[in-house]
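Look at the two complexes coming up: chain A is in both, with chain B in one and chain C in the other.
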Partner chain A sequence: MIDSITSTVHEKIKMDKNNYKYDCELLTNNEDDLQSEEFEETPLYAAVLTYISYAILCLFGWLRDFLRQSNIETKRGAIDPNASLGFVPLYQSYESFYTRNMYTRVRDIFNRPIASVPGPQFELTERLSDDYNWTYRFTGKTIRAINLGSYNYLGFAEKTGPCATESMNAIKSFGIATCSTSSETGTQRYQIELEQLLATFLGVESCIAFGMGFATNALNIPVIASKGDLILSDELNHISLILGMRLSGASSQTFAHNDMNDLEKKLRAAIVQGHPRTNRPWKKIIIVVEGVYSMEGSICRLPQLIELKKKYKAYLYMDEAHSIGAMGKHGRGIVDYFNMDTKDVDILMGTFTKSFGSAGGYIAGKKSLIDHIRINSHANNYATSMSAPIVQQIISSLHLLSGPEGKKRIYQLADNTRYFRQKLVDMGFIIYGNKNSPVVPMLLYMPARVTRFNREMLRRGIAVVTVGFPATKLLEARVRFCLSAAHTRQMLDAALKAIDEVGTDISIRYSTRHEHRRLRDISSEK
Partner chain B sequence: ILDTYTTGLEMFSNIRRFFKFIHWLYLQYLLNTALYMLEPWERLLFSTLLIGILSTAIYSAFVFLPHHVRSLMQLIS
Partner chain C sequence: MTRGDIESLATDFYDLLESFKHAPVYHLSFEIFLVLAVSWLVFFRKPRPIEKKLTEKEKQELIDEWQPEPLVPSVDPNHPALNVRVLDGIVGKTVEIDGRTSLNFATFNFLNFVGKQRIADKAIQAVQKYGVGSCGPRGFYGTIDIHLELEERLARFFNCEEGIIYSYGFSTIASIIPAYSKRNDILFVDEGVHYAIQKGVEASRSHVKWFRHNDIADLERLLAEQEILDKKNPKKARSIRRFLIIEGLYVNYGDICPLQRMVELKYKYKYRIFLDESVSFGTIGQTGRGVTEYYNIDRQKIDLISSTLEYAVGSIGGFAVGSSFVVDHQRLSAQGYCFSASLPPLLAAAAIEALNIMEEDNTTLFETIMDKSKRLHKKILSIKGYIVNGDEISPLKHLRLTNALNTIGRLEEIVQFAQTRDITITVARYLSDEHRLPEPSIRLILNVEMNDEELEFLCTVLQEALVKVTT
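Right after this comes the complex of A and B.
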């Protein structure tokens, strides 16, 4: 049994409900701890004020809905065409209430169109609204801003450079469309080259690539799991994994986020009790986790997972969408980060969208598994195969990653991550997650603070992504910074200065574990 | 004994800081109650209701509390 025996971490870090302390007598220093994560609890006053804000928004939502219903105000949103004919109403769920009355009021902070390549700095189109965000007009001007929202972890989103040149040459040799599925006449020479290159990069036997990352998860889990299997998935898994689990027809249970004790309990219960009513044994048990969870910034507990899976003979499926390329000494993902053997993880999945600057997804593992997927997967048999410039971009970036240029990018990303996170934590903001993950979620809690933060940061020339209710829990609205290897120290300093100013202006320094300090006080200490 | 007087110029910056502080307090009120996201007439409506309720409560306290406290003391003694 995996027990938490001793905790040798520094006294200042308290135990969270999610903070699992494992047998770590080998670790003497918190710096060496690859799994040190912090999830500070919500302060009471922030929770109360957030609930009050939502209550007031709800009241005004009812008032406006009443005014729209009684035709005192014109209806601006979606109108039910058959309302007067006695049909069952189309729009009654809470989500459309939320969309009409809370989301639309501040819609200008979401879904901004961009006007250039999403590198470390980019151009946003300026759009203004005269009627409180129901309609927009574009002024034609663009705003130049530092990009802290794109998943550009290794900085490959660039329009000049070796990758871009080779992609353009690939169009000249192969054209753009393959006009067929992979299983018919769509498997091109570059696809085979990509799959072999990716297999050697990851250190696995074989690999298969698809055109869409979401579809890789949603259409390939039904290939490996079917009725009679059990899937144990983390509660914060991405919707593509959940869709794949539902499509497969297998039974699924969720375990608490990164909680290995809970997972072990469920594994033991599943093996002992079997199916719910008939008590027949499960055909196979698959554990589905993600490498880096993008909303929390936490990293899955791979050493403990492999220990559990070997003990209980389950299979492990790891979705490395955000961690491939970004984590690990050589950029090979979470397996590289923990220095473990790739043969222990049965199915490795990843996407090319985030670190490689391209599009698509892959699955890697043993050759027998990949051959089975190649024959039986819907994504292979019915989806058009990947296009030449996209594959060439991935091949070029993989070649770059194996060389010295790639090492420079990986070290720059790790450096940026540590620097940015340390400064934010020192200033007194609540930051979730592992200190090595390039996704930095900072909690803001109240919806009005979220919108003010976003607008004020844009006014200072920094574009951030703020997320609120449906994507996160109701209380925990946050801003998510995605760092990149292409960000220079000056850009990060400009961003930190802006965060410091805006943070003081709207008072979002909630942390009770770290002192609240201004940036100039931290810089003058060092 | 050292007396310090503010010169004319310092008084201007103090007044400006004071107004900035009032503006900051107003912003905190808007942010904490989510009025920041609402339209101006909704802000007016909510603020009017809030000030009305608060002022009624304070006025009632001023008028009736002394009498209530006195009769409570008489009941106890």
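Right after this comes the complex of A and C.
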């Protein structure tokens, strides 16, 4: 059965010798291979230069602030309408130092508006600035670019096809919104259908869906945890998880990223000592991790987590925002990827934005858990229920995922991931993360290189996402590629060619573990 | 004492001094060391607590013995949230439940935009151009030109400088408040605000001063108290920001806030006003522009107006409008904006078309809804046995039974009876950790396209229900 699927995939896509090798690897269950990750250390000269860059930026920032204060330079930006009336200033000037002097200089690389479906290729609206990014004007033209920035892992961001058609039909049959909360008069039949379908897909007893992924974490963690509980969370968890933990009132501690020894130490200390001041035993302990970490590209160590959780009687909450649909042979997420039992993870959470091309989030688990959430969730009682076309898109994509079309997309994504990562590593760039994660962070370190890389790539028709401080650590500014099943081999090759050129131009081949090579040298080796 | 005694004392003392001079150095230093040691022991050593160091075996025993609570407590299978009515089809003026069609007085569909053909057409066009999802947050290619258009239209509608949209109504005000108000700041909040505002206030970690619902005198008292504290420490007072958080039309009570007086007090006590107009947007005011229009107050005096696209507009999401100085800050600091995927374009398209209808219509829709709200108010007041709370022009009314009769059980019976007679109404649902839990009530919501007969029918059914429940 598996052979026939791979052979159909081979027929439809042109493969060369290397790719055939990757496909076989996809089907192995080699434990080491599943968790192999690389996080090369920052080279010393890059660290020093990055600090110097930020110091120079700060100096210039202070100089410009001084010039603005003494009215030598005109003040830009909006002015407080209440300024002269004796109100306390709304923002402290040091808070907006970063915004005025660093962010505004490079603002054009963020918040780029698009004018088409966010598929593998899209149209960016061209915007130009005459005053160094303080204001923009739209020229009316669009730039066509390959999209390496949107979360479109399985390629369901489409404007034609069965999903889009069924969504349009749903608008005609059900309207856009219900204008009521789910616990009052907002539960539509399609919502129940979605929840049942999702529960079957994930292999759990029950499931509940919400309209926003961020709110799913922030409004439901307070329902599960409360004062007297302990939450152990990974240090790189998403901000929605941190907000949920804060609002719950439970105590929280962080453990080093993906470090199971540190987690075990903290678990033992927590059970032995109890609450730090009163020594009362904790009511329960919840470990919160993510499936795939979106800034690092690493995958949580699920087998060890489940072992720890069983040994110390803790509960496990896994946020699969980026991994549902994208990881695993059947697209069922990290549990599927490691071939483990879904019953071992107490609370499975995920979003529909990334792999299903829709919006919203869900929580899945035992029926008792979901019933409790349904009664007590803030979102279920105060937020309006999901919109019909949004739900229909998820239902359509779930149906597709369970069939041959889904298998094709999953294999294509895994293949793209392996190919892209391997080529980048062979060229000598520092790439973080697990070999199989479709999130590919490439380290750039210096703020000027980050900006230049982004702008140069766009000039060559590739749209990328670059992130720096404060989303990442100060030293580790990076570019994050998000691969999609809809990317063809030609698109990836075009992207690699551009990265090769720009990479040579601005010298971002930092790796000391791999040789620095040009793309043409790798290709000619075959 | 005789002279002789004094002399002998002096001689003894002199001898003592002499002996010090002649004593060996080691002896002297030893003596001094002893004196110092004793004085340290007496005065400076703190008694150290006896630390208990657990052995590995004891630790393992503790770990083995520890039993956590079950993940969730047991639930009541008959809880209303687990046995909700399931709807089919379009939830507009009428709603289909279990094959029967009933009149809908339960959903926040004030202007009946749900199911409108032109809005559905525009949404379908948006799917044909943009697909369904936006696949990213605003900062990373999730900004679609239709979002920018909607923000501009909303700002223009309210005659403000800038607008910003969120992808979820609940998250809007819950993300806005913590973006401006931090740990040292003071929030003056009306006790009757809805849950999302309460969560925003909690997330901000600021000092909160609650004042009694719609009670200006209570607010003035709190402001005066704060002024006294400020005078004691003027330097600290200059770094504390103050905000007043109120709603235009309160969801939990159905009454309008006394905005004029609050604006006057703003300039006296120097706080900023965040006005949440979730319910009043599209329902109050001659052209639906909310409480500021109703009272004829200059909108520039309100620092930020936040609202939702999920009620009158009939879409999903939320927004805020105000001066650029205030609104722009949210683009980098509001968590629900920066770290969440953006609004799907089809919902933005639906909202733009709804705004088009509101602007084209200008005054008819809004005059009609205010008029019908007044008529409904009068009709319900004439039914003996019900107490209706809320302003007469509010399209949202809270219906209660008199005094001790007002329990959730009885209200649920009324709702079930009404459902059998093809009227859909709902009991207002709250969570138990609300700051001030409102009394149980039925939340009646008026749809602008209800005619007089239908309102009469509603009142008839309510009357019958009352009889059934109280006998």
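Heads up, the rule we're going with is that the second predicted complex is superposed on the first by the 476 of 526 C-alpha atoms of A that agree within 3 Å, B and C clash if a C-alpha of one lies under 4 Å from a C-alpha of the other, contacts with A are read in each partner's own complex, and residues count from 1 in each chain.
Quick note on the criterion: a contact is a pair of C-beta atoms (placed from the backbone, for glycine too) under 8 Å apart; a residue touches a chain by one contact, two chains touch by 3 or more.
Remember, predicted model here, so these are calculated numbers, not experimental data.
S.K.: When the two structures are overlaid on chain A, which partner does A:Lys283 contact: first (chain B), second (chain C), both, or neither?
M.R.: A:Lys283 sits against chain C, while chain B stays out of touch.
S.K.: Just to be sure I read the superposition right, which of the two partners does A:Val106 touch: chain B = first, chain C = second, or both, or neither?
M.R.: first
S.K.: Looking at chain A, does chain C or chain B touch more of its residues?
M.R.: The partner making contact with more of chain A's residues is C.
S.K.: Identify the partner contact of A:Ile171: answer first if only chain B is touched, second if only chain C is, both if each is, neither if none is.
M.R.: second
S.K.: Looking at the overlay, what does A:Leu67 touch: chain B (first), chain C (second), both, or neither?
M.R.: After superposing on A, A:Leu67 lies clear of both chain B and chain C.
S.K.: For A:Tyr132, using the defined touch cut-off, is the partner it touches chain B, chain C, both, or neither? Pick first, second, both or neither.
M.R.: A:Tyr132: touches chain B, not chain C.
S.K.: Overlap of the chain B and chain C footprints on chain A, residue-wise?
M.R.: none
S.K.: Any idea which chain B residues touch chain A in the complex?
M.R.: 24, 27-28, 30-39, 42, 46
S.K.: Would you tell me which residues of chain C are touching chain A in their complex?
M.R.: Checking each residue of chain C against chain A gives 54, 59, 62-63, 66-69, 71-75, 77, 79-82, 84-92, 95, 104, 106-109, 114-115, 119-120, 123-124, 127-136, 138-145, 147-148, 161, 167-171, 180, 194-196, 199, 202-203, 238-242, 267, 270, 272, 300, 303, 310-311, 314-316, 323-326, 328-329, 331-332, 335-336, 339-341, 343-344, 346-347, 350, 424, 426-431.
S.K.: Under the touch definition given earlier, write down the residues of chain A that touch chain B in their complex.
M.R.: Against chain B, chain A makes touches at 49, 52-54, 56-57, 60, 63, 102, 105-106, 132, 446-449, 451-452, 505-507.
S.K.: Which part of chain A faces chain C closely enough to touch in the complex?
M.R.: 78-82, 85-91, 99, 103, 110-119, 122, 124-125, 147, 149-152, 156-159, 163-164, 167-168, 171-189, 192, 211-215, 218-219, 224, 238-240, 243, 246-247, 268, 271-272, 281-285, 312-315, 346-347, 351-354, 356-359, 368-369, 371-376, 378-384, 387, 389-390, 393, 463, 465
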